[in-house]
Structures are given as structure tokens and as C-alpha cells.
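Each of the two complexes below includes chain A, the first together with chain B, the second together with chain C.
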Partner chain A sequence: MELSLKEMEELALIARLYLTEEEKKILPQQISSILDMVHSLETVDTEDVEPTIYPITGSGVLREDEILPSLAVKDALANGPDIVDGYFRVPRIIEEEYES
Partner chain B sequence: MFSSMTISQLRTLLRAREVSAEEVVISVFDQIDKVEGDIEAYVTLCRSEALVQAKRADALLKEGNAPDLCGIPIAIKDNISTAGLKTTCASRILDDYVPPFDATVVTKLKEAGVVIVGKTNLDEFALGSSTENSQFHVTRNPWDRSRVPGGSSGGSAAAVAAGEAIAALGSDTGGSIRQPAAFCGIVGLKPTYGLVSRYGLIPAAPSLDHVGPLTRDVRDAALVLQAIAGWDGKDPTSVQKELPNYEAVLSEDITGLVVGLPKELLDNELDPEAKEAIFGVANVLESLGARVEAISLPHAEYAMASFYLIASAEISSSLACFDGVRLGKRYGEAKDTTSMFMKTRGQLGIEAKRRILVGTAILQEDNYTTYFVKAQKVRTKIREDFQQAFGRCDVILSPTTPTPAFTLGHKLDRPVIMYKSDVYTSLANLAGIPALSVPCGYTEGGLPLGMQIMGKPFDEATVLKVGHLYEQQTASERRLPQKEVKANG
Partner chain C sequence: MADWEVIIGLEIHAELLTESKVFCGCNTEFGGEPNSQVCPVCMGLPGALPVLNRQAVELAIKAGLALNCTINGTSQFDRKHYFYPDLPKAYQISQNDRPLCSHGMVELSVGDRKRQIGIQRVHLEEEAGKSVHVGDSIISSEYSLLDYNRSGIALVEIVTEPDIRSAEEARLFLEKLKTLLEYTEVSDCKMEEGSLRCDANISLRPKGSSAYGVKTEIKNLNSFRAVQRALEFEADRQRRLLQAKEVVLPETRHWDEAKGMTFSMRSKAKAADYRYMPDPNLYPLQVDEAWIESIRQNLPELPDAKRDRFINDYDLPPYDADVLTTSRHLADYFEACVQEVDEPKLVSNWVMGEVLRWLKAHELEIESSPVAPKELGGLLKLIQEDVVSTIVAKDVLSEMFATGKSAVEIVDEKGWRQISDADSLEAIIDGVIAENPGPVADFQKGKTKAIGFLVGQVMKASKGQANPQKANEMLRQKLQK
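Up next, the complex of A and B:
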């Protein structure tokens, strides 16, 4: 699978990933070579084979639903880059449509 | 020097009060002062807190009922959460992140009495095989400063090899404990998936991630495993199992044990010295009463492709939470959220970006079945190969890596070549089985080589026993990495 610069820029937008000019120069070729490497999988017969999502069975044991102390709001917010009144603040998402 | 001893040696001395935990910690920090300028294994050092912990350990030792690892200085990879102590993943995005909680493995180590020396360097978000992807600094191999320590747990491996910690915790997604252990001439164990809790390990690829020990010898790996293993209600993939006493089984013999030697892992890409070393190990194990048999893992050649696709898809999803909203840093001025996300995530290094882009590509609707689900199906075939093989043998022997430690910068711009250094190790992550790397000789140039012993799910006991017996049998040939480390050398 060859990846063009345009296709890579589309992927980067989907992934919300800013790329430098230098990265835009080298990444399409590198990613194409990675996708070439994985082509070999096509030759494996996987008819009627179930996919493995987790390698070991026996996990997912349910525990009792107990009420335990949880993180204080102050601690949970402590690492947020922009905190106001107990909320994470981000740039405005919805434009104001009318002035009140 | 206490800083070059094993956990079991120090345990005896500490219990007998022939040395204090404080003296041991001081000895480790003296060694750090000597070599850290050259090695740069750590991101954060906790000198004063370590001394406080050591004094606490001494009080417990004096009372005579000290827990198992009481007073042992241990380093923690910097993607494992430590309450109140910076956990950066060697990323600019998390360079001031202070977790409000401990990972379960850290809680357990604290209960076992360890002294935390510091947090070790890694490839950013544990993505890499050389620790060169750290956004802070490069870590050097204690055996040869012009070479990489391996990765992504390169800081942990270098710290243990250079006497800057007695043991360390690492994480292993495709070989990140075992490959640096092999490159630095120490022991590294990736346990069975689900045996050791991942709660508090900042995830890379959750279905492949594991936490495990890096130590000076196999007995120490058994001791650390004992302390960190066990079911954890905070990790939904954790498994409930009765745990054996891993140290007690080390002394059992291996007469009649069957060692499988997979022909696919002794191929042409393997360094001739590494290949010779593995046949040497097979001879030693035979002399100890084991039987060595040729086996086949027919789908091994597809492991790297399957691993890379699954890992990239999971990584692109895991790293989505580092978006500048809830934790970590937000970079650049932004008028809208899209631009805020892009500028913040734009700070990621090129390896993280490469994997996110590949992951995003194969999770697209058009590619999902052809690439991602296909890789998961091949993963099933690989697991079936192991089930078949373990019908015939008890453990499987292979090299840990195709070559010894490579030079700094050598593979950084050639990702596919770099990924190949994980070719033997990623199999055990795909299958979820235990795998141990043990030093098994040296190249003519004096670089350490590692062998990998893989076992049946939850059969760490047999894997450790084989590793330990080999180590005992060849003890006279073992070189101490510290001897190679000289201040300003």
C-alpha cells in the first residue's frame, strides 16, 4: 500500500496530529514500507479462525460491588492544564448565534 | 560494594544486621553519582525520599519481622504510576504529570518494603527498541557507551547493569523488558498476561502490555515476581490463580524436562555468535538431564506483522487521551478544540506519530477487516502453534534478540529494521505466555548475549527453574557488568 502525502495529511487530521514539514517529508515513505512489511499476512489461511482480542482466557473475573473511597475532585483535577471552578476548560466549541 | 549485589545476597546481610538499609541505599547513590553522568538511566531520582524509606526499613528489620524485599533499592520505569512522584513516559506531554495514585505493582512493592530509587528513562510512551525515542535524553549501554541499552525499558536495564539500582520494574509490549535485559547482560522476565496487574501502567497496547522485573539473576526475578503477582480487582484482565513459591521451585531438578528448539527462530538473520550461544545453552541443559527436541512454530514468520498491526491500532487508541484536556500539558494557543488537540499531540515524537498514523490507517472502515482483524486472526494461529508445541515440550528456547546491542543512531531512521530487533520476543506477547531472558555468553567484542526461555501460560515456575539451573551451571563464566563501568570511562 503506497501512501501519498495527501492521504497521510488526511490521516493526521483524523488522528488530530500536527506534523512538521520534516515529518511530512519522511513519514509517507516510512509508513508505506511498514505497510509493505505487513502484506505477508495475506498469505496466511485464516478461514474460520476466530480473532484473538486478549491472549489469555480466565480474566474478567467480577468482584463484589463495594463502595470504596475514590479520588477527591481536587486530586482528580490537579493535573489538568486549564481548570476553572472544578471543570476542565477548553476553547469554545459552539459559536454564539445571537446576542442577548 | 553493596550496589553490585543481588537481592538475595542483600536480604541475608540485612536480616543478619550486617548492613543497614541506609548503608545499602547510600552505596547505590554513590554509584549513581559516579556513573549516571555517563549512563543517564534515570528521568527522576528520589534521593532524600529513598533515605527516609531506608530508615523505615531499618526499623522494621530491627523488629525482626521485615517483609520480603525490605530495604532493597529498586528503580521503576517512568510509565508506571507513582503517587506524588512525576511519571513522564519520557514525553513532553507528560513532563510535569504527578499521578494521584500508585500502580498496583508499586503498592505491592511498597508493601514488600522496597526503597524506590527513582524513575527510569524509556522510549516515549514505551514505543521503541533503543530508548533513543525518549524526549529527554539518550541512555547509554553500560557495557559500551557508544551502544544503545535496548528499549523501551532501557533506563531500567542500564540502571541494574551499572549498579544504579539492585533491581527494576519494566514494561514489555513486544520485548521491552527482555531485549534491554539481553543487551545489558541482566535477567528480564515478561510474566503471563494477567498474572501481574497492569493497573497504573500507562497503556501502550493493552492486549500486549505486561509489567515485570529486570534483575541481576534469576532468583531475584523470582523474588520480585512473587511480590508483584496476583489478582487485582482494578485490572479487568487480571486472572485469579493460586501462586506457587517461585523461589522454592528453583532448586528442583530438570531431569526429563523437554526443551523445544524452534527451527524458525534459528534462521539466517540470526547473528552467528548468537546462534552458537543458543546451541551452547542446549548442551548445558542436556548435561543437566533435559532432553532437547527440534520443534516448529509455523506462523512465527508472521509474528512481526501481526504484532505491529495490533500494537499500532491499540496505541493509536490509547494515546488519544493525551489531548491537552484532562492531564499533561497543553501546547500552543488555540481558538478551537481541533487545533488545540493537534498542537498538543504535535509534541509527540516521530515514533509515536508513526504508530498513531499506522493505527489510524488500519482502523479505517476500508482496512479494518483486511488489516486489523486479519492480524488478530493470525494471532490466534500463533497461539495455536504454541499450544501444539507445548504438547511436546515443557519450555521453548530461542535467542532473545537476533544481534547484540547495536550502536546509537544506527537504526533510528530505519523503523522496519529497528522493529526486527523484537522479532523473537513479540511472539510471547502475542501468545501471552511467560518468557525470561537470561545472559548466555558474550560476543568476541565482549558484548552480552541473551537467551529466551518461553513457557506454558502461568508456568513461570518451570521457566525460572530452567533459567536458574543454567545460570548456576555457568556461574564461573558470568561477567559482572559493573566491572566494565568506570567513572568517566
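Up next, the complex of A and C:
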């Protein structure tokens, strides 16, 4: 089953990918064939199999609650394109607007 | 007309009291210079790897135990993806499929009923950074300023079952939760600094129905009072819609404290799709039974147990025990004072009355009271020993708060010692008898009420310093001769 152009555009939006017209034509076919391949897993009987939650066994390392040096402020800000008073300045973002 | 049942569930975020952040060693202290407590991990720089803080796990387990949860031996970290400038990695490390704690329960007293509120889960996650909006409001500002000092601070998210049945119950639940998190020293729960936050889901259904109605989510609840008011408003709004046979839309609504109303937040983007996936940088979290047990053993006495002990050991009325155990510091203050003065009800009256009233007026917490428990004990001893009357003691306490001096110092400086010695009292009483022949004759004729007037005159003549009981006794003795 092929992805519709609308579904493709929605996927691109939530991943913040900007697609050219050309890509919008090719990608639905390619994604669909990847999905078909993944769907083949559904044919496997997993009735008595524990879900894998991590590919390798072992347990993680924990660190003690100790304060370590942070970056110097000037280094922390070094990659920022727009710095004001020690802050990163970004265009305002209003994700939500409200109305009564 | 149908009767409606209100169904409420809460989601609470609480910052954990760790020294360093959850996945890196940056300091969590509040109020630092912007972007001074950041590193490649909490700024999401490429290649930086998270390492989990043991204390954050310990505190989350403590929270789980205090909320009667099952602590899951294996839990897992997931990435929750969304784009927002306060989230530098463009995903938040959280726990979705396998939370650290689940299936808990909190018991509430609502009036004289006991209510059990289920806890669906308590999971670990990381805090986002802070946006400062330039200009008057988020709407008028052209830019936002980003400070990542809060980014990566350890949080627990606590999700209740939809077991809450009124706005009042929601507030009582939050008060109880705050008490539990403070007692266990999991979080300082300061809503004004954002270390405790709450979102609420609410729906209505006809009484007797078991299916849930359409729910709305309410955000921007900045105090417990706001939670109660917003839920009362929202329950009422939904009730009116349903009774008019209109529909409730499944949406997020914003509480406007000043207007006292909720408003719909129209999202420009499509419904959120967080695309959760296991975080490949973090192993599943394994917690063994021995660790959980040692945390359980070291839990402090929790509020319900302390309340029962106060009633049994100190013979306090349930009301007093409730008030004194709302905060661990208040309970500690009370107990420290009882060490000094072995009359628990006297201590309880003064702590709940004068001390709390004064602290409230000065917006201070009990732990920063200028009058220490030992000092209050010193004052209460003076009452027990009849050195000062209760009325004078109130003035002494306000001097103690103002000057930091001890009760004895103040009483001596001001000459407020109660006159109890027979010689001094006798002189005053003789004067009063001489000046009031009428009431004296009345008393001697059997009008016993006249004694009250005479005691009043003795108090007046002594500028309030005579011991009224002693004065009463001596007057009777003299007049009955």
C-alpha cells in the first residue's frame, strides 16, 4: 500500500523535513516498500517470545550524584548564532494560540 | 435532567532534589547566571552520552514507595520527540512503555470519608530549559531567550488513575502528594519556582454510567487553588454543554487566573506525535530487590503514621494532629518543643495558633522561624510556672519574634512578671476593697458575682500583672473573714 501525498507531507512536517517536489514524488514509493519489508515481521509467531527491550544484555552504569564542572559560559554560547545577555536568542515560537 | 459525575486525573511533574542533573554532572542549583550550568550532554551537542544519576533513581524509588507503588525491577528509557527551543536534543529522555514505578495508591480523607486515589505510574525523565519571552507577553514578543540551566534536571512524572471525583478532591490529593514528597525529601515542591507542576484531565458522565465522556486537558495551573478553581470552572462549563445537548471537544485548555476561565488552545500543528522509541544510549534500568528494600527501610515516618502517633502518644485531638503533620518541619518543631515542655496540648495550641499566625503574616516557613522550639518552650514554661499570664505571654512572643530575645529576658526587661507573691498582691487587694465598699457589701450579702468585678479592679490596679486566680483566692479569704 502506497503512502498518499498528504500522509507524506504530514510525516515530513512532524520530522521537520523540507521536501522538494521531486522528493515528494519518489519518497512515498520508497517508504512504502520499506514498510512492506518491515510488515513481513508480522508473519513471525512471537507468542512465547519475551519482547526485546535492548539489543545487548547487561546493565547500565550509574554515576554518583556529584557536581562536575560545566562549560564556561562563553564556550557554552560559542556555537550560538544569536546571543543576547548570555542567552540564546531565537525567533518567538507560539505553538499554540488560544481563543474562547 | 441527568445528574453528572465528574472524573478527574492529574499529571504532576516534580523536580528531584539531586545535586547534579539526571544524565550529567551539571549543578542543579536554582538562580545561576544564564547558561552557566550546562555541558555537551544537557545542551544536546552531537556525540555527548548520558550517564544516569544513581541518586535520581533512588529518589524516584522513594517517591514510588511513598505512593505505595510497585517498583519495577527493569524499566526503560525512551525518547519522546518534539521540536521546541527549550529542548536542545529535539527529544526528551523519558520512560514510556516501562516506567520505574506503577500501580500505586494514595489514601485521602475527604470530610469524614476515606478515598483511595490510584497512581498509574511514577517515571523518571529530564527537565527542559527555560524560555524567557522578551516584551510584555508571549504574544507581543518577537524573540525568546533561552537558558539551559534547567535542562536535564531530574524529574518524576506522577500520573493518577481517573479516580478523582471533584475539584476539591484534586486539591486535597495535591496537598497530600506535596506532603509526601516533602517528608521523603524527594522534591522541595515549590510551585513558584516551577519545581512542582500539575496538569489536569477532566470529563463528565451521567451518574451510574461506566463509560468515560470526552475529556479536556487543563494547563497553566500555578497553585493548588488554581487547580481547584479551574476544575470547578471546567466541570461547570462541560455540564452546561452536555445539558444543552452540545458536545465537549477533546482539547487542551489554558487556565486564565485573572479571568477565572479556561480557554481553548488551538494547536497550529497536527495532534502531537511523539514517536517514542527506546533510547539506544541508555541500557534498561535494573533495580535489585536489596536496593529497594534498603530504601524502604530508610523511609522516614510518613504523615499518616505520624498523625496516628501524635494522637496516641501525645493525646492530641485529631484536628491538631492533622495540622501539625501537614509538614515534616512543623511536626519536628512541635516535637522539639514538647521535649522542653511536657504538656503537648499547650504546645500544640501555641504552635498552631500564635506561631503559625505570626509566620503567615510574615510569609515565613516554620523552618526559618526566628523563634526556635527551645525558645518557645522557654516561654511556655513561664506560663506553666505562673510567671506570666496567657495574655501577657502573647505580647512576650511577639517581642521574641521582633527582637530575637528570650522570653525571660523580655519579661524581666519589661517588668511583665505576674504578681503572685502574697505581700504585693495584698497591698493592691486592700486598696481595691477600700475603694469599692458597694461591691464588697454585695459579695458579703451573697451576690457571688461581685467577686468578678473586684478581681477586674485588682487586674486594673496592677496593670494586668496580678495573677487573677491568686487575686480571686485572696479576695475571697479576706471578704469571708
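Keep in mind that, in the parts below, the second predicted complex is superposed on the first by the 91 of 100 C-alpha atoms of A that agree within 3 Å, B and C clash if a C-alpha of one lies under 4 Å from a C-alpha of the other, contacts with A are read in each partner's own complex, and residues count from 1 in each chain.
Going forward, a residue touches a chain if its C-beta (ideal position, glycine included) is under 8 Å from a C-beta of that chain, and two chains touch if they have at least 3 such contacts.
A quick note: this is a predicted structure, and the numbers were derived from the prediction, not measured.
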| item | value |
| --- | --- |
| Touched partner set for A:92, first chain B, second chain C, both or neither | both |
| Touched partner set for A:73, first chain B, second chain C, both or neither | second |
| Touch count on chain A, higher of chain B and chain C | B |
| Touching partner for A:14 - first (chain B), second (chain C), both, neither | both |
| Contacts of A:84 with chain B and chain C, given as first, second, both or neither | second |
| First (chain B), second (chain C), both or neither touched by A:53 | both |
| Chain B versus chain C as contact partner of A:65, first or second or both or neither | second |
| Interface residues of chain A shared between complexes with chain B and chain C | 13-14, 16, 53-54, 58-61, 63, 71, 76, 88, 90-93 |
| Chain A residues touching chain C - in the complex, by the definition given at the top | 10, 13-14, 16, 53-54, 58-71, 73, 76-77, 84-100 |
| Of chain A, residues touching chain B in the complex | 3, 8, 11-20, 23, 26-27, 30-31, 33-35, 37-42, 44, 46, 49-56, 58-61, 63, 71, 75-76, 78-82, 88, 90-93 |
| Footprint of chain A on chain B - complex, ascending | 97-101, 192-194, 207, 231, 233, 236-240, 299, 301-302, 304-306, 308-309, 316, 323-330, 334-343, 345-346, 348, 350, 353-354, 356-358, 360-361, 371, 373-381, 383, 413, 415-416, 419, 429-433, 457 |
| Contact set on chain C toward chain A in their complex | 18-20, 24-27, 33-40, 43, 51-57, 74, 76, 83-85, 97-98, 132-133, 138-139, 141-148, 252-254, 261, 263-270, 273, 275, 278, 282-286 |
